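Next come two complexes built around chain A: one with chain B, the other with chain C.
What follows is the complex of A and B.
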């Protein structure tokens, strides 16, 4: 396996812009790291997960579905240059596999796959997290992984596309194994995962009462940041925009935390009460999606916990659920 | 569950409205109109009773509308549309015969007429719920030999608010159907010599054979629990009751997330559900 210095990685990514629409972590003037194009800011490969929604290159906040002009509709077409998204974490890549499955199921969503098809994803992991933290190794769920050993990035391909990319990388030092890094990754604590699993079971067993959601709802200010940063939140609104003779139809990220999310024209609103909406945010990921898709749709990226001004991100809420409802009950064993 | 939609290869592109022409427009009530549409390419829509379409009005977006006509009547769609929001308001204002409108679909599950075949059917509609129910009533009329007793109960707020008054009059006269109507109130300026009271007041006198009856309920959310109680009193099991649930689907294809009921998507797994499969889900009924 090749291993490259950070400078070589950066030069390599720049060399790929001729064939790919490269989106990678860039640093904004305020220090925020987001996915952006290489001319939009300085590359910031080390530092862990980006602050923006990592699945946004394929599911952007605002996406034009079609434009209508003088009797004809021009539908969105597949992107001309395939996307290369760099800098996802293992958790982000896991989330991406979930929404890949979601958008492919039943009716295949071509607006999503116009960008996702032919794309490639590179995860960055190892000893390059925020403040020197270790980032879990994905070991798959992407085309290529850059595993940092603290100084160099080892290129580990998982797909044919990943192998082709690695082949194009400059010759660097050869590394025979990342076993020591893998061991370090395997030793990372998984407490949050265990809490998530236990909270998921409690929700599926309907052991979390409405009063709990009312308490959480009281703390929610409906800023919607949790939804807007979540890599597996895929809800969208559809609206038309008239510009001169042209009418354009867009989809725009929506949030289930807003009062009007389900309101119907008749006035009927199945999620008119705040505690119902708060429950949905957590229940959907931990119970509903598990029932429908066979897996929890939270990858524990931690964005909602970091951004929530009220301290009710998914890790915080699941900890509280387990603490309050996961204890041994008179009628049953500990969950 | 209702009969699942045929998962035809999704039309590509998925969100492209198919151009249709308005064949006719009729006033149903002061706030509701009936639009009859045909596809510009002349092809049938391939719909079944209970399904819905996404109606696209360029400039105003899309909205889900129940199909009010049975495919046994012909290759057209009847849409009974209440003026409620921006899109339906625009439909009322600008759609005249010959106008173009975009359609995606039909989508969703349909009433499982195969399961109903050979037995009695009790069709209970309230308010706008008669829109999708009309498609099923027409289907039962057109394939009358396949069903036992067909009973239609319909409740509206006032006599003037009743949808499909011509159809209701015809069904009331028909020897093939037992059609009974009620209104919540009959203002003095509206002629009405029928029952006054909510829809459940029509139910106690009905003779229902619980061994061979399927009940179908479509109406405003507040109606379901009361009607279900009456059906339980007539010893119908929940797996003999079919409901159609209203939700605001933005996409119709299970992506936008606005119509979820726990793990179900009303646009994919519904809008037609068997009661025993959803009654335990929070927010379903």
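What follows is the complex of A and C.
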């Protein structure tokens, strides 16, 4: 396996811009890190998860689906240059596999696959997290992984596309194994995961009362950020704008934390009450998706806890659920 | 793709965000600024949708001139010449004070400064004002008189240093959501919360004490709280002795407000009032947070003074985590006031009646004869137009036909003008009455600065090119000045305007664009090496000693009677902003609150046989509108609440044009109304 210095990684990514629309972690002037083009600001590979929604290169906040003019429709076309998205964390890549499946199921979502098809994804992991933290190794869920050993980035390809990319990388030092890094990754604490699993079971067993959700809902200011930034949230609203003779159809990130999200034309609203919406946000990820897709659809990326102005992201809420409703674990039924 | 750091165009919290520009040069989203001290990577729903209206097909794209009764497209040259020409002509005929300018709390500091310069240096009148008249005129007057500075005394970061919040007349989680959410978090960790507001707002649901006093009885409540604090010896004697004057006046006046008397006025119990007083006085760090519930009354200034009295009485001012904190509504209403878009002051609150100030501005602007007399307020301007005394009005980014009280009167007044020019980004109902409509750029298409509620001066940056032929407001204002024959308003960029502002405005003296690349500076920032002032009145008040100015309770102008048995109070909801021109064109925001509505208590709804979501009529002596009933325990029995965003059922058709005698702010918060459920 090749291993590259940060400088070599940067040069490598730059060299790929002729064939790929490269989007990688960029440091914006105030320190915000987002997925952006290399000319948008200094590349900021180390630092952990980007602040922006990591799936936004494929599923942006606003996207034009088609334009209609005088009887003819111009549909959105597949992107000309394939996307190369660099800098997802293992959790982000896990989330991406979930939405890939979601957007392909039943009806294949062209607007998503116009960008996702032919794209490649590179995860960054290892000893390059925020404040020196260790980032979990994905070990898959992407085409190529850059595993940082503290100084250099080891290139671990998982797919044919990943191998081709790695092949194009400059010759760096050869590394035979990342076993020590893998061991370090395996030893990362998984408390959050355990809490999530236990909360998920409590929800499936219907052991979290309505009053709890009312209490949490009282604190929600409906900013929608927990949904907007969540890599597994895929809901959007569709609307049209008429501009002269042209009708433009767009889709826009939506949020189940809004009353209008499920309101029916009659005015009836199955999610008309705040606590029902708050419950849904967590329940959907931890219980409903488990039933439908066979997995929890929270990859514990951590964004909703950071972005929630009221402190009720999924980690905070699941900790609270387990603390309050999971007490029988020692002597009661297993939770 | 690119991202441009800028300041949210909605509320006064002043969150910073990135506008995301797509490859086609159009906005495609928003990302919060993680490094900004206020946003910290968080926004409310309005911030998350702040990009949306910019490219809306309804944007005004070229100037319009009224010809044969209709507004038709015209060239910029024609439109600008017409504005300058007609204003001059009317002044020649009727004198300088026959014209007025409404500036805008949505536009930048530079633009507000230029609007006031245009009014004063070019048109030689002090008739300039803006929508602070409708929101915090009482604060500017009330706090300036007591403390010497009419602004939020503390910073948003102080929320995390407070151990008690007294939120009175502010629906903080909806109107200043990021501040509201921070309060929630502090209270989750042991902070105490007291809410005085008869609507059961979100903060009230979480409060340790919720006071549902009658609308407009704040002075009685506050006086009685101070009565208890004094009689139980809970005052901060040292603070009173060393930092304040005229304490005896307060003592004497509040002696007449025992809780039993205030209970009769407010509808609270004497115990509730005493509990509130004790809880407030028990805190080491108590923050008073208020907004329109305090200011929009015929006794708005008295309300503000009473809040200030309570803070001084308990020594809760001049320290982090305390203070009297008016939350300013608009993104730049603080700045518009700071810039002197007010009839009585130049920038930095330098009085037009002060000879030295006038001489200073004459010199700097190279003009003579700056007017000595205080101009008319925007509320008075409407009355003057109706009376035929005001002949021409240039409205920049305001929508008085929806935002002022009693809009039937406003429409008549505007129709009575000889000339009306309106500059905006959308065709508003005010623009519908105009002789000339000038298409302006939105916040996303121009550079400048906004000053947030915590006095933080921060950058607004151009992210996309102007839509159609629209131009930045600063540019338009300067063009009008040149066409009116004044050569002193030619600038290459807003940057140069800020240089002039800094040179003439002591509190902005140290502010320049080169220093605003980071999170901005909080005024007073008098010198280039000054780091700004997060907390005002530390050690000493801006005016020296703080002065107690006690006020007696005065009832609102119009109270319920047999014909109009309800109190109607008006305000905003979470999803919309003011007259809704931007938010109602933002998909998600509009979808959330599509219809005009009135909140009515379950008891009242039951006795009137009204169901939730039923369309009903709400009427006052001024008019009647058809709105959806929202039956909710948020509303107290006997009180109706209506947001004023909806052009199809304007709450301000109902409100009363009754003004505070000092601040001339209208009483949007109380009038008498009735409800009719028949079609």
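The rule is simple: the second predicted complex is superposed on the first by the 330 of 335 C-alpha atoms of A that agree within 3 Å, B and C clash if a C-alpha of one lies under 4 Å from a C-alpha of the other, contacts with A are read in each partner's own complex, and residues count from 1 in each chain.
Please note the rule applied: contacts are C-beta pairs under 8 Å (C-beta built on N, C-alpha and C of every residue); 3 or more make two chains touch, one makes a residue touch a chain.
Predicted model, so just to flag it, every value in this text is computed and none were measured.
Following the overlay on chain A, a side-by-side fit with no clash is recorded for the pair chain B and chain C. Look at A:225: by the touch rule set out above, it reaches chain C but stays clear of chain B.
Once chain A of one complex is fitted onto chain A of the other, the partner contacts of A:69 are absent, as it touches neither chain B nor chain C.
Legend: residue contacts after superposition of the two complexes on their common chain; A:270 is shown touching chain B, with no touch to chain C. Judged by the touch definition given at the top, the superposed model places A:258 against chain C, while chain B stays out of reach. In the superposed three-chain arrangement, the CA centre of chain A forms the vertex of an angle with the CA centres of chain B and chain C, and that angle is 80 degrees when rounded to a multiple of 10. When the two complexes are overlaid on their common chain A, residue A:110 makes contact with chain B while staying clear of chain C.
In the superposed pair of complexes, A:289 makes contact with chain B only, with no contact to chain C. With both structures placed on the common chain, the touch criterion links A:249 to chain B but leaves chain C unconnected. Of the two partner chains placed by the overlay, chain B and chain C both lie in contact with A:239.
Nearest C-alpha atoms belonging to chain B and chain C sit 10 Å apart in the superposition, given in whole angstrom.
In the three-chain superposition model, chain A touches both chain B and chain C at residues 237, 239, 242, 254. Those residues of chain B that touch chain A in the complex are listed here as 7, 10, 12-17, 58-63, 82, 84-85, 88, 128, 220-221, 246-248, 250-251, 253-264, 268, 282-283.
Within the complex formed with chain C, the chain A residues making contact are 28-34, 36-37, 40, 51-52, 56, 60-63, 218-219, 221-225, 228, 237, 239, 241-244, 252-255, 258-260, 267, 306-311. On the chain A side of its complex with chain B, the touching residues are 65-66, 68, 73, 75-76, 102-103, 105-111, 234-240, 242, 247, 249, 251, 254, 256, 261-266, 268, 270-271, 276, 279-280, 283-284, 287-289, 291-292. Residue ranges of chain C in contact with chain A, taken from their complex: 1-3, 5, 16, 18, 20, 22, 27-36, 41-45, 48, 51-52, 56-57, 173-174, 177-178, 180-182, 184-185, 188, 202, 205-206, 517-519, 574, 587-588, 591-592, 594, 613.
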